[in-house]
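Next come two complexes, and both contain chain A; in the first it sits with chain B, in the second with chain C.
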Partner chain A sequence: MTKTVYQELIVPELDAGDAGDAIRQFGARFLAGGFVRDTFVAAVLEREEKYPTGLQLDGMALAMPHTSGEHVRRPAVGVAKLKKPVIFGHMGDEETKVEAEMLLMMAIQDPDAQVDLLRKVMGVFTNQEALAEFKAAGDFEALYAAATKYLG
Partner chain B sequence: MKNVKILCVCGSGAVSSSMVALKIREMLRDRGYNAATMESSPTSAESVLASGGFDAIACVSPVYADFGIPKISALGMLTGMGEEQVINDLVKVLEEKYGK
Partner chain C sequence: MFERRAVIQNPSGLHARPASQLTAYCKKLPVKITLLHGETKADPKSIISLLAAGMKRGTEITVQVEGENEDEIGEGLLLFLAQLAE
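This part shows the complex of A and B:
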């Protein structure tokens, strides 16, 4: 199984003023770790503007910012909990806003090759036990453990 | 198993639509359909549809244009709230076209 969870992409307390700030800060870690090209953050921001990725799930709102594969060097998923919730547009619905508590940011190069990762991320969305563990994770160790368990 | 073809649409044309496509294929199989899926963004939907033979469009990003092919919202596939509704909507479209 390809590794997809990395310590440097686990952030227990991301202090961001708004969605763009959160994406820029978290995206900088993806860039620093060599997971994405320097075009990644701008592409994610542009996509988020046009097609927002906030999701109101059962028990938690989160966002899953991402973009297309040409901006990605190696696949990964990062988990950042927001120090205070940040407003994202809801996917598929321009009118609805969500107060995202967590970012699941994905660097996907080829969806067909990274199908396991897509399955796992989607599995978290619909798994209330997993969401509760992410929600309860208050420090790096707990968040890394949850990410490894459900996304690794 | 009936063979059907579904276009899955999301903003990037790759990631969320692939997630939805995975689940649609699995859940339609349980309902007796062998679904082939393709993914596109809203802006590239028209050119992908031009390859022909699509029975339905499953959207997680809004598709405003009318291509003469039934559109259903597939957001419930991602949130897990309303998965069955999405499949029921799809099956209804397919049954209207092919019969039960």
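This part shows the complex of A and C:
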């Protein structure tokens, strides 16, 4: 399977004021690492406005901001834990908001790969053992280890 | 029960955006809906269930609808699925 987890896209504490701030800060790492084009962040923000990516799981809320493959240079998945929860709209439910504690930002070119990744993410974060590892990850090493183990 | 076979036609499959649209559509329907693919059963009213099913373009599914006006609602759902775009 193509490598998608990279150290430079693991953030154990992202301090963001709101969803847009979180996406801009995290997206900047993707751009700096050469994973995406300079249109990526704006495209993610636009998409998040129309089709929010927040999810309330059993034990954690997260968000999965992303956009279409034309803005991507190399596939990658980033994991950032938020210093304080940030409000995102809930995917598929326009009336519900979630207080996301974690971001999974995805830069995926192949649509089939996106479907596969989303399936994997759902499998991971509905698994209480895996969820506990991510929640407990208090530093870079622990978060990178969890991301590599479950998403790499 | 309304039951029909369908094929996921959206070019990128049921990734986040079309899955979100499908969930939003199904949540408004006062019936029980199940999408079957092999051993997989997805509740399209749950975005998590739908994404966990990982349905790509070309996936053959069985659409089941149970409840009042199930035939009419089922036909409408098939049309919605067929028209899902990127």
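Basically, the second predicted complex is superposed on the first by the 145 of 152 C-alpha atoms of A that agree within 3 Å, B and C clash if a C-alpha of one lies under 4 Å from a C-alpha of the other, contacts with A are read in each partner's own complex, and residues count from 1 in each chain.
Keep this in mind: a residue touches a chain if its C-beta (ideal position, glycine included) is under 8 Å from a C-beta of that chain, and two chains touch if they have at least 3 such contacts.
What you are looking at is a predicted structure, and each value in this text was computed from that prediction instead of being measured.
Trainee: Taking chain A as the common reference, can chain B and chain C both be placed on it without clashing, or not? Answer clash or fit.
Mentor: clash
Trainee: Would you check which partner chain A:Gly92 touches, where first means chain B only, second means chain C only, and both and neither mean what they say?
Mentor: A:Gly92 sits against chain B and chain C alike.
Trainee: Using the touch definition from the top, say if A:Thr126 reaches chain B (first), chain C (second), both or neither.
Mentor: Once the two structures are laid over each other on A, A:Thr126 reaches both partners.
Trainee: When the two structures are overlaid on chain A, which partner does A:Asp116 contact: first (chain B), second (chain C), both, or neither?
Mentor: So A:Asp116 only meets chain C here.
Trainee: So chain A touches chain B in one structure and chain C in the other; where do those two contact lists coincide?
Mentor: 47, 51, 53, 55, 57, 64, 66, 68, 91-94, 111-112, 115, 118-119, 121-122, 126
Trainee: Which residues of chain A touch chain B in their complex?
Mentor: 47, 50-51, 53, 55-58, 64, 66-69, 91-94, 106, 108, 111-112, 115, 118-119, 121-122, 125-126
Trainee: Could you pull out which chain C residues touch chain A in their complex?
Mentor: It is residues 11-17, 19-24, 27, 47-48, 50-57, 86 of chain C that touch chain A.
Trainee: Give the list of chain A residues in touch with chain C in this complex.
Mentor: Listed in rising order, the residues of chain A that touch chain C are 47, 51-53, 55, 57, 64, 66, 68, 90-94, 111-112, 114-116, 118-119, 121-123, 126.
Trainee: Which residues of chain B touch chain A in the complex?
Mentor: Listed in rising order, the residues are 10-16, 18-19, 22-23, 39, 41-42, 59-62, 73, 75, 78-81, 83.
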